[in-house]
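One chain, chain A, appears in both complexes that follow, with chain B as partner in the first and chain C in the second.
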Partner chain A sequence: MSGPAPAHGAATASLLLALADDDFVLGFADSEWTGIAPHLEEDVAMSSMAQDELGHASAYYGLLAKLTGRDPDEIAYDRPAAAFRHCRLVDHGRGDWARTMARRWLYDTANAVRLEALAQSTDRSLAELVVKVRREESYHLAHDEAWIERLANHPGEPRRRLIEALDLVGPDAPSVLAPLADEPALLASGVQPVGGSELQALWLERLEPVLVRTGLRLPAPAAAALDPVTARSGHGSDFEALWTEFTFVRRLDPVATW
Partner chain B sequence: MLPPDRPDAGPGPRAGQGGLEPFEVFRQEREGDPMRHGGSVIAPDPTLASHYARELYARRGESLRLWVVRRADIVELDDPDLLNPPLDRSYKKPGGFVMRDKLAQARARTGQPKRVAGSGGPAKPRPDGDPT
Partner chain C sequence: MTANLGATSLATAGAVERTWQVLAGIVDPEIPAISIIDLGIVGRVSLTAGVLEVELLPTFIGCPALEMVRGTISQRLEPLRTDPQLAIGRVAITTSYAEPWTAERITATGRAALRASGFAPPEVGTAGHEALPPRATCPYCGSRRTVLENAFGPTRCRSIHYCTDCRQPFEQFKDG
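Coming up: the complex of A and B.
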């Protein structure tokens, strides 16, 4: 397996952890809709897409485990909440359906830009994985956009709730693409071929047509969402609750054999 | 009882109740197989219907191809006068007329024994009875 030079291992690990934690946390948060989505078909679709995210996270954790010689389940389940490195956008809880769709749409559009760049990564195993992940993500994005347009084009409560959701989570959306602390090393090795600021500009271009069509606006970024450290730390109470939930069984007996 | 903001989940067309309507999903399992009816989904529009069809009928890799059709676009024929008219239509079936009884009557009239089809000669009596 031709990978980056070992010196870049730590930087690659931080990138893999960010990718994995983003999908893991979003996947868990979206899975909360199982059984209570707006209607049966959406329930199945949302649950299936949440599973897809967990699947992507599992694959990233797998690469990280190989790189660091650790167990993927330990990485996913045995860290304290504060050690998670997911971005501020997915730190927001699911809220109502509009907030979930706003969070997903902003995340999936940003993630699409990030993955497009990472498909050219010099880390072959990451690039190969990303090519597969992207094929699935394009359908997620089409699903999100269909919902954003539906909510936006329905005057009254749906549009009002969507605007409230964008006002709440929108300022944190750039955190998905905020440069990592290790970005200089990642760019130097080519593991991450395009820097965060450039990705953010590409992402805004990608959002533009939908924003224009729907007459929606994305609020100005929060300073914390642009900073390499705060974009992926200092998690809030929504995540504390989620973490308590998804580590619950594991914490009952951390050494149990499954 | 469903909460009021949840669209009716009962049977039948639901267009107008939350804007949902049924779509029929056909799936092909293997290359070369015919498209077979898989089931239906309820969706507000063809775009979301396609997503739901994918998640319900292809998420485990069990379909090569899906057709998603708005149920309202399907021409349904179920009038018995059209499909199962009361007159005898047995002559349209591949087996043709049911001839056995007519032949038996003709043989009884003429006193001729039954001939084995295609043999050209007089039929030998069959030990195991007449299967026609």
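Coming up: the complex of A and C.
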């Protein structure tokens, strides 16, 4: 196995956990739309994207499991809610369709910037996985942008709801790229080639054309979304409810098999 | 000793060869017209120190059919594993992203099999990225005048298209 020196193991583990938890929590939240999306084709699209996110999470948990000698299912299902390290943006519940779309768009664009950098990671198994993940994410980005424009360009309720959604989740959006507490070690080893602040600037550039075209505005960042610790801890009641749901079977019967 | 080594590597080559033959008989659970070899999802097969490794390259990372494929492979390889002449101690089915699956991996036989069952094979080299929406050739009439109806089809690896010439909806197998 190639990869960074073992000294960097703990920092790499924290990066993998952040990547995995983000996709895992978003995937679970979005899977709640299965059966109730605005129309049938959207139902299929949203379910497919949720499936992708869970697939990506599972692959990141797999790398983390290899690194730490643990079982991927244990990492995913046996932690208390407070031990999850997903970012504040995906901590919001799915809300209405506009909120789900606003959150997806902000997350997918930020994640795209992060993955573009990680494709150059010195951790080879992570870099290889990221190449594959990025190909799949390109479908999500196209889907998100189409929906943001569709809602934004429809005066009245759709645009109003989208603006409300951006006002609610927008301040937390920079949390996806907030520097991790271990960032100095990750940058030194090259496991994460580009730092969080630089990624945030690249992300804002990426959003700009859509914001200009639609006349939408991204609210100012919340202080908690920029801090390495609060960006990924102190989860709210939406996540407590989601955690209760996705750990239900595991808590009921830890050795259940399909 | 040289003779023994020769005999061992011959047995190894035989086991690998027979493994490929077994794999060629396993079909994709979602599109049973195509074998997993023609779909290109088998990377390497090797036998080292008694471990027979079959490396899978998933079309999509979260593909739920992969677990079924894994189960079928291990079941079909059981006669080989228990054959004392082949000296296989254990079968390991692994996944790899080192050389990720792309449409280029589908064989000519595989592309023909997809078309024959009403699927447009992926257009090589148009994967995701800036090339969206992906182009598709109608598997019924061969027309290029087709439109993308939905990038997300009945399974993760399929998109839905419509042919404006023969007016048939059809599915395309997506590039990964």
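The rule we apply is simple: the second predicted complex is superposed on the first by the 254 of 258 C-alpha atoms of A that agree within 3 Å, B and C clash if a C-alpha of one lies under 4 Å from a C-alpha of the other, contacts with A are read in each partner's own complex, and residues count from 1 in each chain.
In this text, a contact is a pair of C-beta atoms (placed from the backbone, for glycine too) under 8 Å apart; a residue touches a chain by one contact, two chains touch by 3 or more.
A quick note: this is a predicted structure, and the numbers were derived from the prediction, not measured.
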Assess the superposed three-chain arrangement around chain A: do chain B and chain C clash, or do they fit? clash
Please indicate which partner A:His39 is in contact with in the superposed arrangement: first for chain B, second for chain C, both, or neither. first
Where does A:His143 make contact in the superposed view: on chain B (first), on chain C (second), on both, or on neither? both
State whether A:Ala59 touches chain B only (first), chain C only (second), both chains, or neither. second
Given the touch rule stated above, what does A:Ser48 touch, chain B (first), chain C (second), both, or neither? both
Considering only the touch criterion stated at the top, classify A:Glu164 as touching first (chain B), second (chain C), both, or neither. neither
Looking at chain A, which partner touches more of its residues: chain C or chain B? C
Check the residue A:Asp227 against both partner chains and state whether it touches chain B (first), chain C (second), both, or neither. neither
Should A:Lys132 be classified as contacting the first partner (chain B), the second (chain C), both, or neither? second
Shared contact residues on chain A, chain B side and chain C side combined as an intersection? 41, 44-45, 48-49, 139, 142-143
Within the complex, chain A is touched by chain B residues 6-7, 9, 18, 20, 41-45, 47-48, 51-52, 54-56, 59
Counting only contacts in the complex, chain A reaches chain C at residues 41, 44-45, 48-49, 51-56, 58-59, 125, 128-129, 131-139, 142-143
Within their complex, state which residues of chain A touch chain B. 38-42, 44-45, 48-49, 139, 142-143, 146-147, 150
Once bound in the complex, which stretches of chain C touch chain A? 60-64, 96-98, 100, 127-129, 132-133, 149-154, 156, 160, 175-176
